[in-house]
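Below you will find the structure I want to go over with you.
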């Protein structure tokens, strides 16, 4: 044991044994879903059945949103130069920042702030929401997680909140998100509906994830979409083509249902 | 439509509608697992129940293997300098290459080569295995996906093959992997058991994934483990500490079972 | 011209002509140094002879500082997994953040803040320094760019300031840096000498570079050092070796002089 | 000294002393150019005056070539999402691969192969060139470093070769490059002039750099251009704008001369 000795609490390795947070990983395989193991890896314990459902839905919600977002465009730009798949993925992930994906963390911090404000001052949640949003207006600060360029009624947000309510997971933070939406309407006179980022933010708060992990959820969710775009770029397109950021159509299967 | 017009077949976006390979993503949420959606994103169709089980187990199998692998060490080295989580994750992913994670692709190419050799020459699989491994010996080429520094009897490989057999997914490529293990024993006189990379390789071949995607599966699987290490580094440790690559212990929960 | 039409002011390309900020690049080649062209690319104009000397010295100053810094360790960790050189370099660069390299930007912001405080309130520089550092103490905020774990008398800082003074480039910001050093001594009772980051910060302020570019100078400077470590790793060491963060010696040429 | 003890030959650190390949770095500062220190870091010795001139010209030659190359587009795509400058730079670097920048390494390998062929078989260089290019035609393999989409008479190539000839650095490899150009003309009946990548390749061969470092030279050269584009993106443009890959104009200073 050197003076640099340190400890980590995530995985124990022994010959012929890999234990994630104490559970042999071969026991988890086949019994637990990837989404449950995401929760286990990050929180140290397995989720409840309800939490597992919600985490899974969060991970599915943002898998892809077409070829226009910068994470997809950066990834395929790199892919078209002949990048190995890890480099193209890294490129995509490095394009997930404050203005793309970052709204989840921003919304989480706002929701947590509102809850704290209510707690500390014995305010009703609605009063805390009103006060904080008034402050934001004075400081010319934007609330993240509300409004969307394309989706006025985001089906992913509706699905997430419906699932959370059905699962008994919709508590204080879902209420706060809905109060913020209403208060924004009142203060600005314009409907800025909760978007998918705002919905994910509320649910990660309900499950007590810290806001520092918000971006990680978006990134984990985006991975299969990025892989699919990178692979299609390297399979179907010529290297070094000029990639137009909007002038592209969808050529996959028609709308279909489960 | 400009002269740069192009097509992608992954996701269609309309106002209030996001369709992954044709399926509205809000329908997938709650009905389909992340693992099933990984399959859908990459192959264009939903997996069978058996394939879904196996893909899920593959994604769980490599979530983490402690703090020693370079992907973990690079990620926490970056994290300890104050990197945002996407940069630390990119750092980890960029440390997954030929010698770390790359064995899955290497093994897939060997297995596919063997199957082709058998097909093209009407060889029995065992004959194709024997011939290719003899060639490898002459060319001083290593077979990837066999043998492990620590695990002589990798529980993850056993679990993956048991699940695949039970699910009726173990076909030609699982057979090839087992023949290679036996032939290696015969030629080298040493047991080099199929490792987790070799097992994943065989199963990805069974499900007809191209070898170019091998590394992507390893990377997707590694994400929650990397996130957990990065978060622990930034929560529990001082910035810029000297990170010893082996002198660390596990301080998490004791072994436990589902 | 589409509705996405945009402009950039850096480089004009015509058949058989590449003009950087207006200058044909083949005219710059052989006539101007890389350091002068760095200045040209970033500021839009060529530097004076004095500025050219100082920029060159800044770029040389941080080329390497051994194998212990996280940028070097992350880069060689990635290199040892078989990463291509661009991925290993990206890994190193992604490990240059707030706590490693970030002090240049921090110091620049402090120096600019002090100058502004003096200007706005008609303070002497020394008064502005005293007030700001007192505020920092109250807010428990650290001044960056002062003190060093190993170097109590950093030869790079001395050289940079000597050169700047000789070249007539040492003005307000060099004075501020020296006042901060003295004031820190007075307030803390401990000598925290200007380090190489603090010196670079003062000189970048003198040349009117914005603090957002501070990290870019450190990164450009670090490139040859990182390339050398990556290349040595892949040439002299075995893949996947365990890389000790401190237990290494220098095996290159003995001390020598120009 | 632990069992992980290792050695590196690049930089020695002592209190108040940083020695790059034996030279105190504060002695190099002000006396030696960045380009000379690049050579020192990578080769272990300082360059001759001629080599220093050529290395400097190589580093200047590829600083920027507008906003259209994928390294620039990926970097500004990431920058527009709010990436810190190191992440945007990493994104740009990760988009330098086989098809973008990679030609330097490709050309070096071809030139070295030709020289070896001539040596081993006592061929004239012209015979070795003819034989290898004939083989390439049979194998349908492209020679890299020749021909350009825009520049039929690349001024950077002309400048580099003129400088090398004047400096007495143009030897076997410059001759090989010129022979390849002539032979391509003869075999294909089309003029594919040596481009800037091919010229850099020949000169790196003359200075005995290994081909594994080719991409590193291109990356070091690209850094100031990438920094300039990233900074302009974050200063002049709105976050998350749609970035057209070709529909942009130059708005900087008019053509001017030294």
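For clarity, chains are labelled A, B, C and D in written order, and residue numbers in each chain start from 1.
Here, a contact is a pair of C-beta atoms (placed from the backbone, for glycine too) under 8 Å apart; a residue touches a chain by one contact, two chains touch by 3 or more.
Only a predicted model underlies this, so the values are computations on that prediction, with no experimental measurement involved.
Relative to chain C, the chain whose mean Cα position lies farthest away is B. In this structure, the chain pairs B-C and C-D differ in their number of contacting C-beta pairs, and the larger number is found at C-D. Per-chain Cα centroids separate chain A from chain C by 35 Å.
Centroids of chain B and chain C (each the mean of its C-alpha atoms) stand 40 Å apart. Distance between chain C and chain D, defined via averaged C-alpha coordinates, is recorded as 23 Å.
Counting only residues that touch two or more partner chains, chain C has 2, 4, 68, 84, 86-87, 90, 94, 96-97, 242-246. Taken together, the touching pairs cover every possible pairing of the chains. The touching residues of chain A, when paired with chain D in their complex, are 2, 68, 70-71, 73-74, 77-78, 80-84, 87-88, 90-91, 94-102, 239-240, 242-246.
By the touch criterion given at the top, residues 1-2, 4-13, 15-35, 37-38, 41-42, 44, 53, 56-57, 59-61, 63-68, 84-87, 89-90, 93-94, 96-97, 150-156, 158-160, 163, 210, 212-213, 215-216, 219-220, 223-225, 227-229, 231-232, 234, 237, 241-244, 247-258 of chain D touch chain C in their complex. Interface of chain A with chain C (complex): residues 4, 84, 86-87, 90, 94, 245-246.
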